[in-house]
Amino acid sequence: MDVMLRLSGVSHAYVGPGGAALAVDGLNLDVAAGEFVSLVGPSGCGKTTILNLLAGLIKPSRGTVELAGEKVSGPNPRIGYMLQQDYLFPWRNIRDNALIGFEIAGTRGPEAERRVDRLLAEFGLAGAARRFPHELSGGMRQRAALVRTLAREPDVLLLDEPFSALDLLIRLQLEDLVWETVRARGVTAVLVTHDLEEAAAMSDRVVILDASPGRIRTVLDVPASIRARQPSEARWEPEFGPLFHRLRGMIQDSEGGGPGHARGAGTQLDSRA
Amino acid sequence: MDVMLRLSGVSHAYVGPGGAALAVDGLNLDVAAGEFVSLVGPSGCGKTTILNLLAGLIKPSRGTVELAGEKVSGPNPRIGYMLQQDYLFPWRNIRDNALIGFEIAGTRGPEAERRVDRLLAEFGLAGAARRFPHELSGGMRQRAALVRTLAREPDVLLLDEPFSALDLLIRLQLEDLVWETVRARGVTAVLVTHDLEEAAAMSDRVVILDASPGRIRTVLDVPASIRARQPSEARWEPEFGPLFHRLRGMIQDSEGGGPGHARGAGTQLDSRA
Amino acid sequence: MPEEREHSWIRELEHKYRSRAARITLLVRILQIALFAAFIILWETAVRSGWIDELLFSYPGKIARMLGELAASGSLLPHTMTTVAETTAGFVLGTLGGTALAALLWWFPVVSRVLDPYLVVLNSMPKVALGPIFIVGFGPGYLSIIMTAVSVTIIITTLTIYGRFREIDANYLKVVRLFGGTRGQVFRLAVLPGSLPTIVSTLKVNVGLSWVGVIVGEFLTAKSGLGYLIIYGFQVFNFTLVLSSLIVIGAVAAVMYGLVSLIEARLSPGYRDR
Amino acid sequence: MPEEREHSWIRELEHKYRSRAARITLLVRILQIALFAAFIILWETAVRSGWIDELLFSYPGKIARMLGELAASGSLLPHTMTTVAETTAGFVLGTLGGTALAALLWWFPVVSRVLDPYLVVLNSMPKVALGPIFIVGFGPGYLSIIMTAVSVTIIITTLTIYGRFREIDANYLKVVRLFGGTRGQVFRLAVLPGSLPTIVSTLKVNVGLSWVGVIVGEFLTAKSGLGYLIIYGFQVFNFTLVLSSLIVIGAVAAVMYGLVSLIEARLSPGYRDR
Amino acid sequence: GGGSKEAAKVKVGEVTRSLFYAPLYVALSQGFFADEGLQVDLQTTAGGDKTMTALLSGGIDIALVGSETSIYVYQQGADDPVINFAQLTQTDGTFLVAREKKESFDWDDLRGSVFLGQRKGGMPQMAGEFTLRKHGIDPHEDLELIQNVDFANIPAAFASGTGEYVQLFEPQASIFEKEGKGYVLASFGVESGRLPYTVFMAKRSYIEKNKEIVQRFTNAVTKAQRWVEDHPAGEIADAVLEFFQGTDRDIAVRVIERYKAQQSYAVGGVIDEEEWNNLLDIMEQAGEITERTPREAIVDNTFAEQALR
């Protein structure tokens, strides 16, 4: 098994005028080439931080991050990162947005444009190429952001709650699309999500993180029967129900909550909403 | 059965410089006193519009909206409406935010303050009364908004995706809290949500709307065994799994999607994301 | 059948909406004209019945005649063109200069912290009192006038645009960095285009400020221009001339403002609907 | 055991961060002072070596002496106080008036549409040229000066604050309306407090503009004040006096700006962290 | 006259545009500068300070401005002092205007009145106070003297009801009279006597380098002064009206008439000792100077004398 991503003893603390906040604590994680891993855990447990570390956007306070055996020291076009929202530039049309990676590398040209056009068509965006982001639906924009990320043909795809702002149906469609794309290209993927169903349906392994500071609580392997199927179909597998219930049980336990504890939530801060 | 809310032949079209957009079309719906109804449907199908009509914020283009037999002609403190986000005033502390209903009515006084303090305590916010919204977690803020809405003791509670921005766990806790409050006070509730699990777990009836313009597609009655239990517990009922799957099946059918249709989503606009 | 009935009431709604909107627009135009007419009539009456001094306030008829004469004699246009050219130069330079300065501050955060108090003090300097410095630096001529206008606009432009630069959502910068973009590319691809609406809207403010700056500049030193006409009008105690010039200034400034609004509306549509 | 090790490296990080921040702050202060010193030295040298004309630029030593003399003779303080009082009055009135006007526009959207072109034209009127109107309307005295300052600030304040009023998230207004709130309550409970940060930040801009307005006003008519000193300095061609007055203006304006920043920082904490 | 063929360019800054400087515009309109082979580029730099600044910084070659400015400059120790070489006007140009018509006027009538004067530090104010003192009136004790209004706004202040008496330039005084809003009682120009009021000046270095040009310039000015001396006000008005857009011809004639009558327009640019001392007296009394600048230091009459020959 080739290891594509490796986090060894990674800790990270954010330092600011108010002091230091430990976001990730002594994390060890290997992701094999072509593997699809999901990260789930309560808000503020360090999921985005882990993606940022993998992408080389921030340097770990301690430990090392490796990409295919080499230390990650900064952003690298081999890694594609899709942020929680689409962050398409509103002043560029979809095609120009998708081409930005080439523009930055200085390699925008007929070849790059042909590749982007092909991808846009593949993602059902051929007709929207000249339109501006605000003219598109949320689902189309997420797809455009995906095209932008995939256009430079990354080996690794990092996805930070890519579907959380979307409608149920669009969500199911995009899950299938991403899953297929990742499989077809043999891309290694790390998905952060709050939706346990999504995590279970899409990935080979689900990593459950403890409440902050981020430590791995458990890792759950997804049965082969579910892994073999598209996410939207996986949900109809007989094994899916039990898997999902096991996952939720683990989360509710790990977070000290569970039925009947509702009134105690006042002490639990949620940095997101 | 006392009818608390009645929509008779309600249609609504938004008119603007660009023309008219039909948001709700010939809707008939009765909600009994003390009943808990959920509205689900694809984005843009008119769910928020229906709540706005019920709250008297907008007048229907055609048809009538009745509250306990009387025609609704404007906002009415008997109806409490919780918006999709908390919309607490950032410049007021939690207590002053919760008291705003009394301030507007000109009835803020020791009695109102005592009542609000009691509610805050009941919702686990006693310690946060003097704090400002930005100092609180998302879950605490949603609870504060709930206190603000409940303080004036409305007979009807309208909830527009109240938990969609929250973490899974906090969400489960708040679902229980709202459910218990509604039951305990005999309040009539209408909940809009994208989360089918939530709809199934919380309500007595689930109303499934067609894609826009909003028309009722189906109404699903929730079995008594599930209705009798707190949402977080309801999910563990044996009947819950089948109910949930039926619901999802209906949605996927009604929206013309379903497994394998992923690539067709390009034509479906999503006005939200 | 129901489809058709439905369409008919929606059309009716649309029709009602349109005619209401048209009625309001008409009302607004009528009120605008009425306000203007009332002002003119009040002015004329006030002077004629001696409530206010004709010497100081002139009156609309006289001003119209003066404007007619000036136009006929062919001297109105050159004066106006001079001032318009100076104002345009001043406000383009002020906006470009302010943007460039803002870019500098964004690029070097330490520089921005160092310069902060200086900018504040410069901003509250009455530029009128710096007249001699402009004359020394740029000679008694167009350059001084344009520089006065630039001095009035540049600092406030810098502060506004720099503020906007810093407000750009960090995630847009992240997108560029993720593709290995340099700091220059981050600025060029994300920060600058993301601030374009703000830059254009400071243009709007700067149109007004540049007019003030140019007129003040023409008070310092000028051979022609509307500011020159004003100061000359004061000199020869011809307030009709002063007021006529002010009216031309108002009209031309409104036109320039309208042009900037047009530019704003022409911005890539993605900008507007955010 | 691991807990303690963990704490030690985090503390180290914190320490590193703090000392780095302190180093940068120190650097900024040093650069600010160095810049100031360099400016003073360059100025002094330029005059002494005859690169620039002493008559026109004076030099720091002479200005310091002049300020010392003015202070010793007890005339600096009254002049400064006069101007500060006028500026304060002008900027408080300008801000309040602008807010009131903005409220009017918000309340009556038709009025806002009707007045829009008039506001634009008024905004680009050079207020200096309106001197006679102020003198006729408010007499040759403090009132004229204060009104000049108000005229400089009020329109831009109105436009900015009205813009903000309209930007308040409609859902906040909905909250008030849902409780049966009237339009007045919507304004008082949601629109006005929601715009307070904008109002305070226009205060910041208005401090600068009011200084300009008051100085211009003192140019029109004044018996005392820093603007008066400047004009007098020009009359007797004493640029040392002019520059001394400008320096006092800069210093006092910076202090006032600091005070407004303090008010801004004192705002209910909920405002800032949005 | 005559001179060489190539037109030398001269940049001139005037402190304001006024009928008080009629000879300058005559020289321009009648082509006297052109006759001397000069191409004069005239620029209004409003205010003595701006005009002097433009001169000192080399923005203009020759300034037309009050002599007092050159004294201020000299007293502050200029290396390259500004030299007065030709005077254009030789009296103050302001008038005493009353709100009410008077059959007879005595300066003592001013006692106890409200007097709207010119702004402190300028020549009109100094000449005004000098005149009052000459008539035994202490300007700061015996009447209420308002000195806080800007030059351009004094008419507005008076017209809106400030003051019983006002000190006004032309054409304001004549316009007030014509409109029946004020009545000219006396001339401060007559009362304060001869003095170098508005003078052409240049930096010493410029004069040394351009003696020829300065001479020709003075020749043209002198020619214009003679022309003004010899022609009736009406013709002068016609000659200069092109510089006074929008000014009523009647008013212009009246103003020129008045200035001519009181000999405000100098004939010949020579500044004599008596005039100089009068200026110094006035400034000294006003407290604006503490030492008397000798005439030789900043006046050079050689060009004016040559021109008269």
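We just call them A, B, C, D and E in the order they show up, numbering each chain from 1.
What we mean here is this: a contact is a pair of C-beta atoms (placed from the backbone, for glycine too) under 8 Å apart; a residue touches a chain by one contact, two chains touch by 3 or more.
Which protein is which chain? UniProt says A, B = ABC transporter, ATP-binding protein.
For clarity, every value in this text was computed on a predicted model and none was experimentally measured.
By the document's definition of touch, common neighbours of chain A and chain E comprise C, D.
The minimum number of touch steps linking chain B to chain E comes to 2. Ranking B-C and A-C by contacting C-beta pairs places A-C first.
Centre-to-centre separation between chain A and chain D, using Cα means, comes to 47 Å. Look at where the CA atoms of chain D average out and do the same for chain E: the two points lie 40 Å apart. Chain contacts: chain C has residues 53, 56, 132, 136, 219 touching two or more partner chains. Listed for chain A are no residues, as none touches two or more other chains. Among all residues of chain E, those that touch two or more other chains are 49, 53, 56-57, 152-153, 155-156, 159-160. Each chain pair that touches appears in this list: A-B, A-C, A-D, B-C, B-D, C-D, C-E, D-E.
Chain D contributes residues 169, 171-172, 174-181, 185, 189-190, 193-194, 196, 268-271, 273-274 to its touches with chain B in the complex. Interface of chain E with chain D (complex): residues 47-49, 52-53, 56-57, 69, 72-73, 76-79, 119-122, 146-150, 152-153, 155-157, 159-160, 162, 288.
By the touch rule above, chain C contacts chain E in their complex via residues 53-56, 66, 69-70, 73, 75, 131-132, 135-136, 139-141, 219-223, 228, 231-238, 240-241. Taken together, the chain B residues at the contact with chain D in this complex read 55, 57, 74-77, 79-81, 83, 85, 87, 89-93, 100-101, 103-105, 132-135, 152. Within the complex formed with chain C, the chain B residues making contact are 11, 13, 15-17, 19-20, 22, 25-26, 61-62.
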